[in-house]
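Given below, in the form of structure tokens, are the structures.
Shared chain: chain A. Partners: chain B in the first complex, chain C in the second.
Entry: the complex of A and B
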């Protein structure tokens, strides 16, 4: 059986999904990146390996997410794809009539506008990461509730508090102020959910024509409070696909299947043995010019696999 | 020989060959600062007031890097380039801002270029500038003529040959002929990039965006490759009488390339640019009307190029998948 592996290395979580030729998920994993993508990719591969059926043959591997270049080098991927394209492809597969995709992840949020099965426009949060998953998680921690329970609290709210949503620093001081004035925690949490959606509307979705069906994916789509707030703000039904957190990885796997078909090549995937390789990540300051760029490199068995981080491409060329 | 320092920032990309010819004919030596680097940026940021835009901060850094290397620095105040059009206040006030923020700077020559006040005012100011170098009025006239000739040659070179300002400057001033631009043998798609020259051509500021796009398989079209008259006409068709001088080139190029059906249009802008925020939305609406993909990128002092690359890749993917070009 031919299968395709998608690896989505996000800022907060690392996701892997293995699909067969009819895009059924055969194996998947969802891990916290914990600031250590190299180990998490290895651990993810281990877990997928345990789940895969015996007859499965890996015919293509793609990486996506902000850690896609690193992951691509580690596993020797056939395709390294940006997360916007991957998310769009996965959304169109799960909900064929989709016209708008909201994706809110750990560090960034996106909107993708689709018409007649083709992406025609997209937007991403600009300068700051206000109103993304990390912020919600931080606030949950501060209020001493689990992020998984965040949605339940929000749904119980009767009179949501008005929280400033433009900037997380303002939002936090607003929340503390409301909390000290005795607002119930439910109302503060739903108020925060509304603020996040308002910020999304003013920042990411500004000037975009939002038409149904609206698909909401990414880790934050687990949060029922945010779903309710989107529903109220945009007056439209919100579809959350069954594997909202895996959509990037699913899209990447679908894209590599397409690619390998067109290409006819064999996969370059190094195999699950990658999880046994010791990778060394290090960095140094390049002194070739006044820019003093910080170059980071990844190597295995004393051999440099790739380098990044320069203002010029001097270090990016690595002899194979 | 008097050494005239010219910062390689802001208006450099538009006017350097003209200035070089002018000062050269007057017998002065022209000293240009190095291309923007981390040291220059840090120098500029350490002095600038917080709410100026990044290109102005970079400009100040270039000025600081020229201290000790020249006897005077040329910072014209380009107020207006035509009837009822003006420049951004940061450009108009540039010499004064530079003087106030960098008191140790050598003497600044700051002729006001204000075509709103008519030709005579312009001649007067340039004559005054020339008098710093010679007392012979005929020499100044000759310098002006040389300057204008160089400027026309420079503009034509860019629009006729389809090359970037940096290349045209290399060819005009250093005699280099080899073109490195547009070496893509078979581009998959054509993308026009519009924005201020000091944003598009400063590779440090924009993280090598143009060469990244080319490496991704796109043929790049730039505002300087459009003939002057076509730019003016296109800008007028789009907004009537534009208020901002430099925005004419940006929105004119946007409209021109949209009409010529490019595959995609990218606006490269810096965070906090007032004129861009008003004028580029005209182009954006037009792109929507014509159903041509449009991407707005706002740059600031980010040191990581990750976010920029993701957006560029996604934009090109979007165009390719729309046209069913499979790679």
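Entry: the complex of A and C
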């Protein structure tokens, strides 16, 4: 059986999904990146290996997410794809009539506008991290509740507190103020959810024409409070696909399947043995010119596999 | 006495050529060092936060030329264009505060450009005879034209070359050779030589070529440091870029044809007219018109470069989505906070979008 592996290395979580030819998910994992993508990719591979059926043969591997370049070098991926395309492809597969995709992840949020099955526009937060998973997690921590319970609290709210959502810093101070005024925690949490949706609309979705059907994916789509706030804002039912957290990895796997079909190549994937290799990641400052670029490199067994981060291509060429 | 100019694309090459023709020595003209992180850091440190990237970069560059001994600085001035009109004043004050005793000579870029430039040269050369000035001026311009011609070929070769980086390497050599050419004839010969060399680079003819037009504010469009080498990065993604905004075009039209009543941007303004019918400052009006232009030319997409806090380009950015021409536009806001990784992710996604659209238009199932 031919299968395809998608690896989505995000800022907060690392996701892997193994798909067969009919897009059935055979194996998947969802791990916290914890600032250590190398170990998490290895651990993810281990877990997928445990789940895969015997007859599965891996015919293609793709990486995506902010850690895609690193992951791509580690496993020798056949395709390294940006997360916007990966998410769009997965959303179009799950919901063919989709016209708008909201994707809110750990540290970035995106909007993808689709018409007639083609991506026609997209947006990504650039200056503000308000409304992303990390911010919600931080606020949940401050309120001393688990992020998993965040949605439950929000759903109980009757009179949501009005919280400024222009900027995370203001949202936080406004939230503290409302707390000191004695607002119930449910109302503060739902107020915060509404503020974040407003922020998303004013930043990421600014000037975009939002039409149903709306698909909401990414880690934050687990949050029922945010879903409720979106539904109220758009007066529509937003659709959360069954594997919302895996969509990036699923999209990557689907893309590599197409790629391998077109080219008829054999996969470059190094195999699950990758999880046994010791990788060293290091960085240094190049002093060749006053740019002082920060170059990162990844090596295994004393051999440099790849370098990146320079303004010029001086360090990028690595002897194979 | 040393004359310094801020770094701006390849401008230093024609300026150097003119100076040499007029008998200037190495200490008379200070060539600004190429822009680096250091230039940006200096500029950011001594500029108001809300100033735009071109202001910060030119200030950083001027500080670097002062460090090398320049005491007369050349900067643009103008009225009604954008904050550029005040650059010289603000930067002069800052340099004074920093203890550099530099005098500013300004070129009026909104009126009488040609006269302003020639008068400036005459003043600086202690009244050199006009024929000599004009000859030197045209020698400089010939280099500028040659460089832009080569660059256009580079833009076409980059996306299709087999070995990535080859065209950029030849381009670097070409810049050096043009810079060193001492005669008009040599400039012509060198330019032809390098264009031939670029045309002979092994190419991948089968590659699906996506074409993108680059529009926006002149400084961030032309200076590769300001836009993080966007043209090179697009080349790596297999995209052919074109930009109407080149320095030689500016010289050709603003300096000569304007006097014949031909406005460099008349055609572009006409295209923009249904959506915005007057100058909005800076290059905003042109950006809107060029979007229409590239759509008419059958390009796949447009990349709109704008400095952060640039009012004219913000106006243009908000008008663009409402135009009838259906061509995707990606806005890239340039400032010191722009992360290269974030930009690359957006560029990649944009190029995917364009190629899906192209395939869909050609009737294929995506």
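General observations
Keep in mind that, in the parts below, the second predicted complex is superposed on the first by the 320 of 320 C-alpha atoms of A that agree within 3 Å, B and C clash if a C-alpha of one lies under 4 Å from a C-alpha of the other, contacts with A are read in each partner's own complex, and residues count from 1 in each chain.
By our rule, a contact is a pair of C-beta atoms (placed from the backbone, for glycine too) under 8 Å apart; a residue touches a chain by one contact, two chains touch by 3 or more.
Nothing here was measured: the structure is a model prediction, and the numbers come from that model.
Aligning the shared chain A places chain B and chain C in steric conflict. When both complexes are overlaid on chain A, the residue A:262 reaches chain B alone and has no touch with chain C.
Residues 66, 81-85, 118-122, 124, 126-127, 207, 289-293, 311, 313 of chain A are contacted both by chain B in one complex and by chain C in the other.
Considering their complex, residues 66, 81-85, 108, 118-122, 124, 126-127, 207, 258, 262, 289-293, 311-313 of chain A touch chain B. On the chain B side of its complex with chain A, the touching residues are 34, 37-40, 203-204, 207-208, 271, 284, 291, 293-294, 298, 300, 306-307, 309-311, 313-315, 317-318, 321-322, 326. Interface residues of chain C, counted against chain A in their complex, comprise 33-34, 36-39, 165, 228-229, 318, 321, 328, 333, 337, 340-342, 345-346, 348-350, 352-353, 356-357, 360, 366. On the chain A side of its complex with chain C, the touching residues are 66, 81-85, 116-122, 124, 126-127, 207, 289-293, 311, 313.
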